[in-house]
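I have placed the structure first, in the form of structure tokens, so that the comments after it can refer back to it.
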Amino acid sequence: MTQAVEKIRLFVAPAPRTVADIFSPADLERLHALGEVFIHEDGPVTDEIFEQHAVHAHIIVGQFDMPAERLMRAANLRAIVNVEGNFLPNVDYAQCFRQGVRVLNVSPVFAEPVAEAALGMAIDLARGISHADRRFRNGTEQYGLDANKDAFSLYDAPVGFVGMGDLGRAILPLVAPFRGVVRAFDPWLPPAYIESLGCEPASLDTVLRESQVVFVVAGVTSQNQGFLTRDEFASMRKGGAFILVSRAGVVDFDAMLDAAATGHIRVATDVFPEEPLGPGHRARSIENVLLSPHQAGALDAVLRDIGRRALADIELIARGLPPVMCKIAQPETVGLMRSKPVDKS
Amino acid sequence: MTQAVEKIRLFVAPAPRTVADIFSPADLERLHALGEVFIHEDGPVTDEIFEQHAVHAHIIVGQFDMPAERLMRAANLRAIVNVEGNFLPNVDYAQCFRQGVRVLNVSPVFAEPVAEAALGMAIDLARGISHADRRFRNGTEQYGLDANKDAFSLYDAPVGFVGMGDLGRAILPLVAPFRGVVRAFDPWLPPAYIESLGCEPASLDTVLRESQVVFVVAGVTSQNQGFLTRDEFASMRKGGAFILVSRAGVVDFDAMLDAAATGHIRVATDVFPEEPLGPGHRARSIENVLLSPHQAGALDAVLRDIGRRALADIELIARGLPPVMCKIAQPETVGLMRSKPVDKS
Amino acid sequence: MTQAVEKIRLFVAPAPRTVADIFSPADLERLHALGEVFIHEDGPVTDEIFEQHAVHAHIIVGQFDMPAERLMRAANLRAIVNVEGNFLPNVDYAQCFRQGVRVLNVSPVFAEPVAEAALGMAIDLARGISHADRRFRNGTEQYGLDANKDAFSLYDAPVGFVGMGDLGRAILPLVAPFRGVVRAFDPWLPPAYIESLGCEPASLDTVLRESQVVFVVAGVTSQNQGFLTRDEFASMRKGGAFILVSRAGVVDFDAMLDAAATGHIRVATDVFPEEPLGPGHRARSIENVLLSPHQAGALDAVLRDIGRRALADIELIARGLPPVMCKIAQPETVGLMRSKPVDKS
Amino acid sequence: MTQAVEKIRLFVAPAPRTVADIFSPADLERLHALGEVFIHEDGPVTDEIFEQHAVHAHIIVGQFDMPAERLMRAANLRAIVNVEGNFLPNVDYAQCFRQGVRVLNVSPVFAEPVAEAALGMAIDLARGISHADRRFRNGTEQYGLDANKDAFSLYDAPVGFVGMGDLGRAILPLVAPFRGVVRAFDPWLPPAYIESLGCEPASLDTVLRESQVVFVVAGVTSQNQGFLTRDEFASMRKGGAFILVSRAGVVDFDAMLDAAATGHIRVATDVFPEEPLGPGHRARSIENVLLSPHQAGALDAVLRDIGRRALADIELIARGLPPVMCKIAQPETVGLMRSKPVDKS
């Protein structure tokens, strides 16, 4: 067991965030109360800076390179806390596990804001909200039942999830009052786990074929890049809604746009293969696509939540207790993650 | 007590709906199984038609004139079922109550679809969903935090209701997972009732001042026309969201648009003083207004729900039991209602 | 519509309750604020007292005789509020409906306390709680799995309801977290209504055969006395739990005891054909019966809730609005009720 | 990352359970489908048996000694799965963490059955269920309000938790419908975590002083033995309910009985300092104590759930994925646990 020590040492280099972005004054004060806090915000963490200020730290906050050489020299190190939502490949995770160093990220802070946006997008697709507003603005709206010929309701509609991590679990209570059966496909989770969430475990094929609304919340791994292809879109129900809020890398983006452009499905996407999207990109003018500029998790309030959540786990670790608020890197899977290096959403 | 009789007689004149719109074949069969069913769909119910086909009915389905003269001649009559969402002034309600005739409408069918749309509109206002899509389409979108400067989240945000009838109660479970305190103002309901729904009873003033999101779900009565005026909008939080899904008659529409145009509040409205809205109406171009063409309750699926719900109560009444699925006219309040005569939403 | 008047007149004769039992000082003050309140607590309401103090009342609180003669003389009368949980046969309900007099009782106050007790009894039967405590007290307890050979868990167990009124609906949220399918039989409710509560509508036979736990919450009417007979108990699952919390009159009590005595089912009952039960009654010594002395709804806190609930509706009625907190007598069914005249539970 | 391999090797020595107890035939078949399964049920795992059959295993099921010597020889080992609810001191956890060996137990299977029993005990204490039954059996019952003078209702009553692990979290949904504020004390969890469960984080003192019902669900550690002493019981509300369902070791048992015997509080306990309790132990005759013979988690159905849960994680581990169904030993806390070696509850 990691013992509590008199005064712990923290090295905080939160780039691309800043300390002021993520820690409220009160949270910063609590951070300082834990022991010696060294904050580094001017440029990269060079070997010199590492050697001078980080090598004796008990806890490191940041996402700079942590190869085996640095880790092995950091004899006190208990945890590395990335104040972003991903696990980058610039950390030698195997060495962390050998040394008993916890590696954390703050991805859970994004779950609720993204879930909220995902539900808003789902209702928009189902009920034609932005579509009707657009027609109002160009003077072509219709009223009542005429407005609404293709609309459907989420009530009692079957819902499907591709992936069932933090984000999927945050969406579940939002769709529960609509009473539809909920199916989930997640190859990393056993059926009993998915059942314990009140969902039916299902194959990817079943999720796509049987759901009126499909939420894609799976992250990109080395195993699933582009796994939602033309065939998967073709297998969906005519008029079904497809809401992509995790990573563009899991879909064949062109195939997805085609499926929307032909009217086969409705699509909402918060992510794009390139951001910003090219000025003349055809996605901008497809009627059946709702476009969201990677804003689902981007709220000022979320930044403060990052600090609060990181601080809560840092305080636990300082007391010799296991963290419970952040995402914890798992030896089996951390090497599979394929997020891009910088991700501020 | 109304006894069950061998065969009951129904007179069905569902204009402006049709029998085929609202009753599925199976439901129509069940209707016929109750006894003698006379369907009248060709024009108004003249005195001659009434005398020939309706005067002996136990149950009347429709919204044609029922003055005291007709009612007093209809000695078997137990119930009048309006397959619309309102109680019109062409029925002599006092006489109905004296004779023990139940008067019903099917307004509960609209509660869930309107609640769903209202939540979609609330998330849209909070998170800028249609606004961001609009900017994408004209090539001016921004990404991530930049996209989103004025966004707020419904999570933990205080929610207010003006009115707490069927529609408000259908919205409650949808906003519950967002955890915000919910306040409700309804002058027809005692505080204990509002508390039993998990809401704080509050004055209109408190609801408007303290809520980040305000749902207006109050119907128009002879007592509340235009009661939400310039002063009420001014009392709202800067940046707050105002979602109007009941009747345009409860607000000063111009004052509401002004409050949106100045940026003081965000507005979503499903109802308008005149429908269709004039082609050059300024509402069409205000950024802070989300426009919905009276479509919140207008879904094909709702039509079949009308028939199902009416049938369920008709079957109870035929068996001598009280109705439980439709809205029942109350002697104290039915005279106060001020819906417009024809309302197909 | 009933108009609001300057000052309303109330006649309050709450026997067998007392004003002090049911109204807190603050509630009593609010009652007096409504107008002129005459309280009569000394003996029966004779014709003389009625004529002097009640005949002009707008609202009567109590359960004394209200035959047509009295009603017809009470020209201002809007409502009779019985501060008990039943509708007695000493009121001429038909005349009330003709005159537009609301008749209310406070039965909803009992729903939650009885639901709580019913759940406690269900868990007791399932898990052997009082049985194990009894064995501990006589020194014959066993431990762990040995203690518990016949125990079952409510989790995922099918639950059935006989009746689905206020009380059933109060039990539903308590059993929901146990995730079992819930079936309900109620001949006064249409399937769609039962479905809207998240239950499966079912026949009595199906409820009894398919449920591991059966809650009997149906009141006694002229149509259902003793309808749960030997055959019904025989149809239940071996080892199933039967919880009777409404009225002893709905069951063949001897048959119920026999089904428990043979070990076929487990029984909990809060009601008895005679109370107190005879000193040597065999129910007292059957292992498989949990005995509750008509205490499920009997809590001091409930008395104050009676006053609060009655007051809330009285205030609405005084303002010309429909009551929403109490049970309202329905013309179709009020004549069928068969509660005993005095019922203080 | 742990790679999936062609055929994994399992060594299964489930004493004191048996394979037949915990694995259904279907589950056992799935276990065999994973690779080579060696089952050892005849006596202890001697060094010879270990060397012959376990040393090459990828997964070990059981709770036999695993000192560093054995671990270091088990080069393929990925996980040790104890099919009991505790982490015993006969495993060298530090060595496991160094080698990347997961150590699991199945304690989550007990959470729901114990939660159900805990709720049943809480309602029993509040509403006097077993007490009234006892009086019925000895012919001294009273009826209605008289039966029930000290009863209280869980509705709107403040609830407190000492500890908030798996078991506490399983109780939360069961008490939620009763609407009372819920406070929790858990020194291993940050306030934000407790808030995310819908509870108020509170000190031990506040939990005890402010709660009408206190659930003790904390396990015994080297730091908290006997931490609920005479002072803590004295600080509780008069008439409050204290439900002990974790370990007797966390309380001063005599002080607890005294607090019940004087009538200060009501107590329910599922655990005892010695089991079986001495035949003349005074606990057996205190009116205010509900006695439960360590049966809260002891259900036949739970045994099969042990197998199902262990199997689900074994299948994940076999595929190179992290376990999600069992309790995972944490380096910071596993050394603090003080369960007794054999625990079949």
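For clarity, chains are labelled A, B, C and D in written order, and residue numbers in each chain start from 1.
What we mean here is this: a contact is a pair of C-beta atoms (placed from the backbone, for glycine too) under 8 Å apart; a residue touches a chain by one contact, two chains touch by 3 or more.
According to UniProt, the chain labels map to these proteins: A, B, C, D = Phosphoglycerate dehydrogenase-like enzyme.
All values reported here derive from a predicted model rather than from experimental measurement.
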Steps in the shortest chain-to-chain touch route ending at subunit C and beginning at subunit A: 2
Cα-centroid distance, subunit B relative to subunit D, in whole angstrom: 50
Rounded Å distance between subunit A and subunit B, as computed from the means of their C-alpha atoms: 38
Distance between chain centroids, defined by C-alpha means - subunit B, subunit C (Å): 33
Sequence positions of subunit B contacting 2 or more other chains: none
Chain contact topology (line, ring, star, complete or other): ring
In the complex, subunit C residues that touch subunit D: 112-113, 116-117, 119-121, 123-124, 126-130, 132-137, 139, 141-145, 147-149, 151-155, 173-174, 176-178, 275-277, 279, 284-285, 290-296, 298-301, 344-345
Residue ranges of subunit C in contact with subunit B within the complex: 1-2, 97-98, 100, 188-193, 308-309, 312-313, 315-316, 320-322, 324-325, 330-336
